[in-house]
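Just dropping this structure here.
Per-chain residue numbering starts at 1, and chain names A, B, C, D, E and F are given in the order in which the chains are listed.
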């Protein structure tokens, strides 16, 4: 219609990349967020009322739209699974997800002197919000569905500042307080009764590079955290072979790139253990 | 209606907890956010226009919906105050809240070389946004209203990454720059002319545990910060007996769990004072 | 109409400041966010579908509403440029913005072992989201338009926890991973192939104060980062004269207030270099 | 809060009537309209996409919300049926409703020289829209549910100007053309293959009055229309004992208050038959 | 920006008329509809819940937005009244409006054998809906406010097919059944206990023309209808000097352009009286 | 997923018709309404502000979405024209449409003693609303586009009760007053300066039937109305060979199925001419 308009649009569209010019529709982020909200209605109907959905409506909504989005991602990756089966498998996991979330609520309520009731945990705690979304996304990740789990956890990241990769394995009674800035990597494994404060990173140390200097995709890159471990604010634990033993306490701002035994307390002030680690790492 | 649907929903609803099965409606987060937006219209009508509300509409909206939400929380806690009186008391605080916010605007404008006008502070500074919501929530906290103040500050947390517990006491001319990752605990007390940068924690050191190993609820757990104190990015100040004297400067990344006197500058590089603290703390 | 309502509103409105009582409408944050979304539709139409906009509609939307918002800011600052010319100049930059964003996508895809495709970068990476908005805002900043660029980057800040001042200069192939808590100041200059992890600050050391004790507005206050530099999580680099040489690696949690030469690796553990910096800085 | 506001509201609320001050919530018109839209999605999913609902979501939506609204009306009338059973009974009627609607589509398509396809009947014909809603409402009426059926047909009335009382009985292959101004009363009975043009009234002649001069509620008040009857624009047929025999044609503007035999053509111009009717009626 | 776009828009905008190029904003139809909805919330709060408005919010909404719209119309006509005073005067009429509406509800309930309760009148009867809006609009018309009353009654016209000019005077106990197609002119006067069926016109006979052949604006052009008059479907009563005496009944489809005395029954079939009228009118 | 849900949905979907099971998407009624609103913004920007659209946005919106909807209808009918060319041809008609609408405004303003300004005609007159939509739809009809024109005029029908087939030809200075119930058929031709009141039908007399008893599609079925003709309320004019001569006046409720010469006044009371017509028609 218009010379100038057409010129600008053509100039923009000439700049592209086959991967960014998919022949099919990409997953719909807005819909995936709605699927999450439907799941929350199913899990805790007294607390979530997305668009006045009842549980029955939420289940039908989740069923049909999740199936559609799985189909879209399958088309995009050219790697068709059985969307209907995957959807049903996910729905069957919902009671198990709720069971674990009830332990998380208990852990958060017991873990914060400021919490006045378990209801408050659902109503107010961004940590619980992020854990809920992670546990939903993790089941989809386990079913081998691409993109959707990550879109879900990035939505939680946006809302809470808590960035948990859907590939991480996290045990029961998981407690996050404040939470902003937490990063948990794809191959991290956390036991039961783990408690994290804001700014904690459970990340990768450095990447193996291929012959072109690019990181090698895949591989175990993130630490294992044992049971009953508390990690204080802004601590950083890195590396795929780093193992934090059960009942350890990692102090605030601690930088940890090697394993510690069961029952260890690592504090920022503990210069002796730091020097030891330095020697080990050099 | 449907065997399978009913089975899933029943399986989910069997998993519950009396505290998560309230007999009454829980506070409505969406409404509480709207109450906040109505309050912003009242405070700075040139800058906030939520749904085209005039101040008169905003006041009527705030009055009736705040009263409703207070009633809901009272029902939930079984602890009925006088919602009508609490609402009126809050409304009477609004001019005082505005008066203090004007000092905060001045402090933020004067504190950032990049700020070009006071209008920019309202339009662009997440720090000011979070402080506004905190000051509103704090008045409701002082009136003894549960849940609502925390839902408000968690909304600010979501939008800004700044997590100020509504119980904290914060003086005039409060300045936050950047702000992401700031955490201020429930029993913290901050004086006038305090300036905080991103990632600062004013938190609890460790919790007193009861005979079951759970944190004891309540008690003074967070520091006191004096007047004219500046705390640089990612500094951490912990503990209910920690007092930062007036006119102190706490450097970036500093980890501080004991008091400092008036006029002290604590810097990350200052290894002498660090060693001193280590000795004190060991 | 009402004694009490009028009393409260009058009490609120008496408390004001000439700068907060503008004679004209202030920029409309909601509209500016829509302009951003229209720009995203223009740049990557397969991935962004704001309100079902086609590229042609997005271009008309962006054209007319950006022009209006520029006029509003010009009125507010009393500093009228030519809104129509500035709008057209911005639109002409869009292909160049896309060209650079394609390099950013490549850098992010190559930089993360967990990334499975370039499409995932657009769909899931908050780092890419923040960079897109920064690059749009930066062009408007360069055209001398006040307020709007900052409102844009603060929107990205809200969504991602990544706070890049629109005045910063950032080269091609810019990669952010995780991102929460990143702060990049107004006068920072970053080269090509820079990679940042969460919590990195590229900030100001301290401000020059005027005779009244207020920071002097303007001036070069933030570091220069060379090409092919990687900065790990929570590192802090401060000061307008600090220069990080090409091909340097700055370790996690490092605190750096002086320059380092090309090819330097600064690690938290590297106590020798730290001591050297201490001496230099004292 | 406010003298004047409270005065006006009190003055308004003092003026009431026990019937207008129900102790329970009244049926929700907006929700009932959504139920209709969900039913349309179920019936013709290629043509109706209310809020992107799939049939499964529409069924769950219809199930739960219809049940809720039936409960509300039961509370209002103090006449509790079994809402769950009534809802299920209605859902089981849906295939039968569709079956009849398919005959209506055929009748409308065959009856209008301007119709180019059956798809056009669903897309464009207000007559079909009103018939659809009538057939849904009629099933609920038959189940003894008050208020809801009438709210549904009044919604159709609003959208099309066609006012069919949900109590009317209407056979298959029902065709309405143009439709504005059609009125069909509660106790009217229409056969198969009836065709009505705009402005046709099938109404009551006059009401029996009780001792207070008020119409006696209930009773057969509206005509019976046979099979294969066509009634042209603005014709009026009145009275509970009026029977229009099969295969009759009633001309435009005709006023008819007595029965006609099978195969009669009554035209406005036919003064002979008119005179005869006059004599009969006098 | 674009040759072609600019050409079309310029071609369109060149075609104009000073009256269609107002220097100020025209009344906002959407807002005026919202004002109506706020008024309905005030009048019958159990039945209308526009956007969850309480009565207090509705009153504030009505107050501020009505005042704004009155100002807009005053600017448009260049005929400034006192918008604030007019608004307050209207608000003071609300209890009187409700008082009369309660009589209308009673009349409709008593007048329809199908009505099961007064609640049904508010929930389902388009006649009551149109009367409510008429009575609101009429008060604004009486206050001398232009445009707004007509926009209101045209909204009712759109929703119900009932077109009552806001200038008409209508007594208490006004009953409309079905209603589609009713037209009541600006200078019509209806007494108490008037009942109208669908398609009734109370209109103008012919207009006095000025020297240019245009109708002379203003003047009494529509009939007076006495008390306790019933007018059946599609009857037409025309002319500014036509007076229908009390307790008359006008039959369906009757065409009446001259007065009838108290207690007259005019029926379509009554050819004697018709002939008489013919003679009178010829 | 669910036996019962699947059973109901399957039962519904088994009942179908190839024409109601299109392989492609049907035209989107909601979008077509938005296209109309965009056209109104283009034509009278001071009066229509759909979603805050500027004329430029409205033009881009209209261009892209009209083109899409034309493509959809082409797919549905299997009768592909050139959607892009048809869209451009329509856009080029817009100034001509506006030119004629300005004559319509003049005619309505001059034709109603109650009209106080031309602005009121746009703001309040449903007749003008319906004419606007008719004139838009008629241009699309002339371009041979199926479905869309009819969806547009049915939208006007819904809003105003005025049902003008998009195929009708209507001259300049067209005036409709009140309008509810007007029907104008597909092959009607109206001259300039025609004025219609509510309830007027310009329709078909009877349909030619094919060998199966179905109306033959197509053919001239509706009257021709000359210039400067006024037709009063509820008059009915039928038949493809009926011609109403220039400067005729057709009285209210008149039923006319044969032609009248130039300058004729046909009134309901004129029994002589009626008898004459009866004789002609018998």
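The rule is simple: contacts are C-beta pairs under 8 Å (C-beta built on N, C-alpha and C of every residue); 3 or more make two chains touch, one makes a residue touch a chain.
Since this is a predicted model, take the numbers as computed values, not measurements.
Enquirer: If every chain is reduced to the average of its C-alpha atoms, which one ends up farthest from subunit C?
Expert: Farthest from subunit C by mean C-alpha position: D.
Enquirer: Of all the other chains, whose mean CA position lies farthest from subunit F?
Expert: When every chain centre is compared against subunit F, the largest gap points to B.
Enquirer: Using CA atom averages as chain centres, what separation in Å is found between subunit A and subunit F?
Expert: That gives a centre separation of 57 Å.
Enquirer: Can you give the whole-Å distance between the Cα centres of subunit D and subunit F?
Expert: 26
Enquirer: Calculate how many whole Å lie between the centre of subunit B and the centre of subunit E, each centre taken as the average of the chain's C-alpha atoms.
Expert: From the centre of subunit B to the centre of subunit E is 53 Å.
Enquirer: For subunit A and subunit E, what's the span in angstrom between their mean Cα positions?
Expert: Computed value for the inter-centroid distance: 60 Å.
Enquirer: Hey, what residues on subunit C touch two or more of the other chains?
Expert: 1, 5, 56, 59-60, 63, 91, 161, 180-181, 199, 234, 253
Enquirer: Using the touch rule from the top, collect the residues of subunit B that touch subunit A in their complex.
Expert: These residues of subunit B touch subunit A: 1, 5, 8-9, 11-13, 15-17, 19-22, 26-27, 29, 76-77, 146-147, 150-151, 154, 157-158, 161, 163, 165, 167, 180-181, 183, 185-186, 199, 201, 203-204, 207, 214-219, 221, 234, 236, 238, 253, 255, 277-278, 281-282.
Enquirer: In their shared complex, at which residues does subunit F touch subunit B?
Expert: Where subunit F meets subunit B, its residues are 1-5.
Enquirer: So in the complex, the part of subunit E that touches subunit D is made up of which residues?
Expert: 42-47, 55-56, 59-60, 91-92, 94-95, 98-99, 102, 105, 110-120, 122-126, 159-161, 178, 180-181, 198-199, 233-234, 252-253, 268-269, 271
Enquirer: For the complex, which residues does subunit D have touching subunit A?
Expert: 54, 56-57, 59-61, 63-65
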